[in-house]
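First the structure, in the form of structure tokens, and then the observations on it.
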Amino acid sequence: MSHSNRPLVGIVMGSDSDLTTMSEAATVLRNFGVPFEIEISSAHRSPARTSEYARTAIERGLKVIIVAAGGAAHLGGVIAAETTLPVIGVPIPSTTLQGLDSLLSMVQMPGGVPVACTSIGKPGAINAALFAVEILALADQKLAAKLVAHKEELARGVSKKSARVKREFQF
Amino acid sequence: MSHSNRPLVGIVMGSDSDLTTMSEAATVLRNFGVPFEIEISSAHRSPARTSEYARTAIERGLKVIIVAAGGAAHLGGVIAAETTLPVIGVPIPSTTLQGLDSLLSMVQMPGGVPVACTSIGKPGAINAALFAVEILALADQKLAAKLVAHKEELARGVSKKSARVKREFQF
Amino acid sequence: MSHSNRPLVGIVMGSDSDLTTMSEAATVLRNFGVPFEIEISSAHRSPARTSEYARTAIERGLKVIIVAAGGAAHLGGVIAAETTLPVIGVPIPSTTLQGLDSLLSMVQMPGGVPVACTSIGKPGAINAALFAVEILALADQKLAAKLVAHKEELARGVSKKSARVKREFQF
Amino acid sequence: MSHSNRPLVGIVMGSDSDLTTMSEAATVLRNFGVPFEIEISSAHRSPARTSEYARTAIERGLKVIIVAAGGAAHLGGVIAAETTLPVIGVPIPSTTLQGLDSLLSMVQMPGGVPVACTSIGKPGAINAALFAVEILALADQKLAAKLVAHKEELARGVSKKSARVKREFQF
Amino acid sequence: MSHSNRPLVGIVMGSDSDLTTMSEAATVLRNFGVPFEIEISSAHRSPARTSEYARTAIERGLKVIIVAAGGAAHLGGVIAAETTLPVIGVPIPSTTLQGLDSLLSMVQMPGGVPVACTSIGKPGAINAALFAVEILALADQKLAAKLVAHKEELARGVSKKSARVKREFQF
Amino acid sequence: MSHSNRPLVGIVMGSDSDLTTMSEAATVLRNFGVPFEIEISSAHRSPARTSEYARTAIERGLKVIIVAAGGAAHLGGVIAAETTLPVIGVPIPSTTLQGLDSLLSMVQMPGGVPVACTSIGKPGAINAALFAVEILALADQKLAAKLVAHKEELARGVSKKSARVKREFQF
Amino acid sequence: MSHSNRPLVGIVMGSDSDLTTMSEAATVLRNFGVPFEIEISSAHRSPARTSEYARTAIERGLKVIIVAAGGAAHLGGVIAAETTLPVIGVPIPSTTLQGLDSLLSMVQMPGGVPVACTSIGKPGAINAALFAVEILALADQKLAAKLVAHKEELARGVSKKSARVKREFQF
Amino acid sequence: MSHSNRPLVGIVMGSDSDLTTMSEAATVLRNFGVPFEIEISSAHRSPARTSEYARTAIERGLKVIIVAAGGAAHLGGVIAAETTLPVIGVPIPSTTLQGLDSLLSMVQMPGGVPVACTSIGKPGAINAALFAVEILALADQKLAAKLVAHKEELARGVSKKSARVKREFQF
């Protein structure tokens, strides 16, 4: 873990190959100064580890769990089954079906055990982290202010890009 | 609104026809004793109303917004664009494509503005409400305890059903 | 359980509503004289029960586990994670996406933890049971003979239907 | 803007990365001598800018707005919500689902607020511009004549290609 | 045709069974006072009639053509091939694939010959008519004013529905 | 078989439940006076019968084989593997995936063994028969004339429907 | 055209870029000694040329028309609308949706006007040509014999590959 | 064949190009010490060979058949039609539809003739082999022990990867 503070967010992924995608989430959390931890644990290859991770999440101080998985992406559901913390799912694009399988496996949870899904791949990783920050910001005025600043920065970024395109682009 | 307390959760839907689905979310919130409000507002037919709703959500005391929409389901994204509160999306099944359009329109948000989606239709409505409760429970021990009880009740429900099926089902 | 013998096949389903589909599997097993048990257990609502079921399956004498689930159909993967018995998955058609979500959630397992899937819905339930019989028949000459007879009966059934259609159908 | 005349067509895109696709539209408009403007504005990152753009479009003299967006492509709907000008949508192919998400997000608008969609990607960009020209040509005889010439040129192009293929292609 | 004036909009459909859907477009045009004509003509069963219709559309005074078709929905493309008028396509839901085939057949036109598509089925029929009105309103101040009034009415409709739901709905 | 002449077309279907769809093909062939035979034979339940049917088709005088099947629709491929007659496939809509599975199973044949597919369900059954007639008409002037008449009748049918709609339909 | 004989098969494609795929069909026809012609003609860019081609096909001596197109692939339907010759469709994979749009646009023809489709891309091009040969072979004993030889060669090819794999492949 | 023992598992594939995928299955079987054989045989190009292979599988001592095929993947169904051995299907990703066609062609078998499918491509090849080992392990204590060891190794692999990621990954 890259922060001295106790982690508030857990980023769990089914395979270390998901790290390419999920490092985007880590970057967002670091930028917001939110302490987090990274965990590799598979619903299928290490069920006991996954279950243990989910069951001890609250007592270890986690507030939100971000879960990334691809293909038959069961990891989010399996973790949500064992904790009452909010679980955010990030569908990882799979080799053959472009993440449609990952998305449907994650998002189509039965009533009773929620997993809330963001978009497939890197935009989803970024948004899962931002969503976690939004949750934490409900009890943290500084984070709330940072989110407002982030939103303003997004709008400014658009303005700058629009200005540049109008200036530079020659038809 | 069914509670005297100030609403903590807003349930916004694009059309009153979504109420059949979203009353499931209302029931869950009522069962958990979470004050909520219902709003009909369309991203396309009433953009100013929608924008106003989103921009004033924090000052009105909302903590979470649940958004339901179908087809080109823009409502979640439009609300998330104007607030830093967590926005949970419920894709409403559409007449022709069974909600695949609603799901993709909601879940495939670009990096920067998160909407977290639950499943299509009623299970999604239930889970969006439970997810909202999970968020609120981070700062409310009583809610947290109710979630644990709810989880235990889910497991007991399965046990009872399994026992009944084994007893009654004649092959 | 409808047989006095110790069950060789477990039919596990995530919800009692799957019974309409899975009773087809039960009928096939009964017709072949294969003792079986029925279990309702959810990957999400009763994870401990599911895990316990899977971990004790071998010692309880099971040889094959048939798993039925719909939507984000994690049950097959979760059971396969905890046993080395062959796990056969039956995707249950879901309300909104006709079982495409169930199929992809079940079949797209990562390398290392197999779940072998049959078709969506009742044909899949029938075939899962037949597939279980084919596995058991490897060590049971009587079952093997019954399978041969079943195959011949299928062909005879086609002949009869063809004869009847040719006789009765008036264009 | 590349023309001294007041723009009649606005090309709005959610991200400057859409420019690769949308420069095709710009080229078509330039070839037809139709003054246009380019704008980057996001439904999600710069909602106020987008809303302002749409609300002032008529008074600024625009006749048609072409909107390009990808993924959860809300930009067309959001602009159509705030103007009575014809809004043409161009779905930008997304990284993971090849633009199926963009297409459905754009085209499946609810009754009342139309967005008319062309094909995914570059052919759609070309056609959106041609469609804008077709609209403008209703009140501009010169443009109408150019469209007829363009149509004849398309047919001649096919003849030339067919002739060349017949001449050169050796089987 | 229900108006004495010369038709400005042609509504062409491949089959009289599409009338159930397309009468929605007719109603919108009538409400806006836009004279229109209805035509049944198939790209496949009556190619000469279709071609003739398209080639004479301008001289007959049409300004916009709305085309509805289902399945391999070629009618829009075939008409767009023979006219420089704006052609708006309405995908009719097909029996087996819910209109996904109709949508893709209509919307995925090659660069050079635009068809602009609205949503599948009735919402698409309504929006095609509104889109036609938007085009005509560019040269008709009264129509433009009616569109503004229609937009305001949409927003008022949402307000009323929201008020009623808040008042009546008992959770 | 309803004709005294030796059959020229074989209509083979995997199940007698396909007859509802395929009776449309039979009707077309009867109307054109083309002798045909009906056969129920399954690629999976009666492989020997199917293989025998395909291998003897030429010597029995068949010229074209129409094959209907649903789900994992292998029947067309299996028959095409054993004959050099033209094999036309009709995908039967399946219970859960609306015939998308049937279509892809039929149409996606590897290079070397052709099956030519018509549309899913009844339109496909009609068209398969018409396509068979088109093939036979290459060597039969009377059939060729009937096809021309049929085409003219299609166009006349459209004219009549258009006239009736214009006359009767009240907006 | 590469043969001195009068062409029996027409290969029509919507764009010269389809030639990469369709040269496979040309090669098959050449190998079977079937005279053919190549034509570029677009349903949308050159409707008159396409219509003329289809209407004169019979008198020019064609027996079968193979049509290749991508995206909103209307070419097959448009040609089938104007001829009673058998029309075989080859869906060309499109840039964004992998040919699913091409396939559905081609195969989902309404009852009355058949287009028979082969697989997407090169295998489909090969099979369309083979299917054309199968049709021609009904009236040509030499072609029929070549088809039998081709079928035997396919089987021998498999045997050789299997033998080589067993010999060379080291696990 | 790479083992001196009589093969227990047959790996059949429709084309030698499937070997890239299926060598993964071979590797798994070799690692478990399970004798196997490789066969190339096509449902369409070599039907007699395929049928012969399936019909003699039991007498040659096979216990399980793994079948790999792509596109219109009929091979599994055709083999299952001729044997009562368990047939496991591996859908090979196709060029144009990413294996969705292969998956549906394989998995959607009608009731009566089971093929049990694993995931698309290499993970499916690995899992098909593991599933075969699970079946064989029912009658082989040593194999059963190896499967338990394999499962433990999977979990250990996850632990190691998680530890490494936590140690090395710098955010």
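So that you can tell them apart, the chains are marked A, B, C, D, E, F, G and H in the order they are listed, and the count of residues begins at 1 in each.
One rule holds in what follows: a contact is a pair of C-beta atoms (placed from the backbone, for glycine too) under 8 Å apart; a residue touches a chain by one contact, two chains touch by 3 or more.
No experiment lies behind these values; they were computed from the predicted model shown.
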Using the contact definition stated above, find the chains touching both chain A and chain D. B
Does the chain G and chain H pair touch with the same residues on each side or with different residues, judged by whether over half of the numbers are shared? different
Recurring contact interface, reference A-D, options F-G, E-G or G-H [over half identical by residue number]: G-H
Averaging C-alpha coordinates per chain, one finds the centres of chain B and chain C separated by a number of Å equal to 34
Can you compute the centre-to-centre distance for chain D and chain E, using the mean CA position of each chain? Integer Å is fine. 19
Just curious, how far off is chain F from chain D if you go by their C-alpha centres, in Å? 42
At least two other chains touched by the same residue of chain F: list those residues. 15, 42, 45, 71-72, 97-98, 100, 107-110, 112-113, 115, 119-120, 123, 154
Quick one: which chain pairs are touching? A-B, A-C, A-D, A-H, B-C, B-D, B-E, C-F, C-H, D-E, D-G, E-F, E-G, F-G, F-H, G-H
Spell out the residues on chain B that touch chain A in their complex, using ranges where they run on. 24, 63, 84-86, 88, 103, 107-120, 122-128, 130-131, 134-135, 137-139, 144, 147-148, 151, 154
Once bound in the complex, which stretches of chain G touch chain E? 14-15, 42-45, 47, 51, 70-74, 77-78, 80-82, 94, 97, 100-101, 104-110, 112-113, 115
The answer for chain A against chain H in the complex is residues 1-2, 15-16, 19, 23, 26-27, 30, 37-42, 45-46, 48-49, 71-72, 95-98
Touching residues of chain E toward chain B in the complex: what are they? 93, 98-100, 119-121, 123, 154-155, 157-159, 161-162, 164-166, 169-171
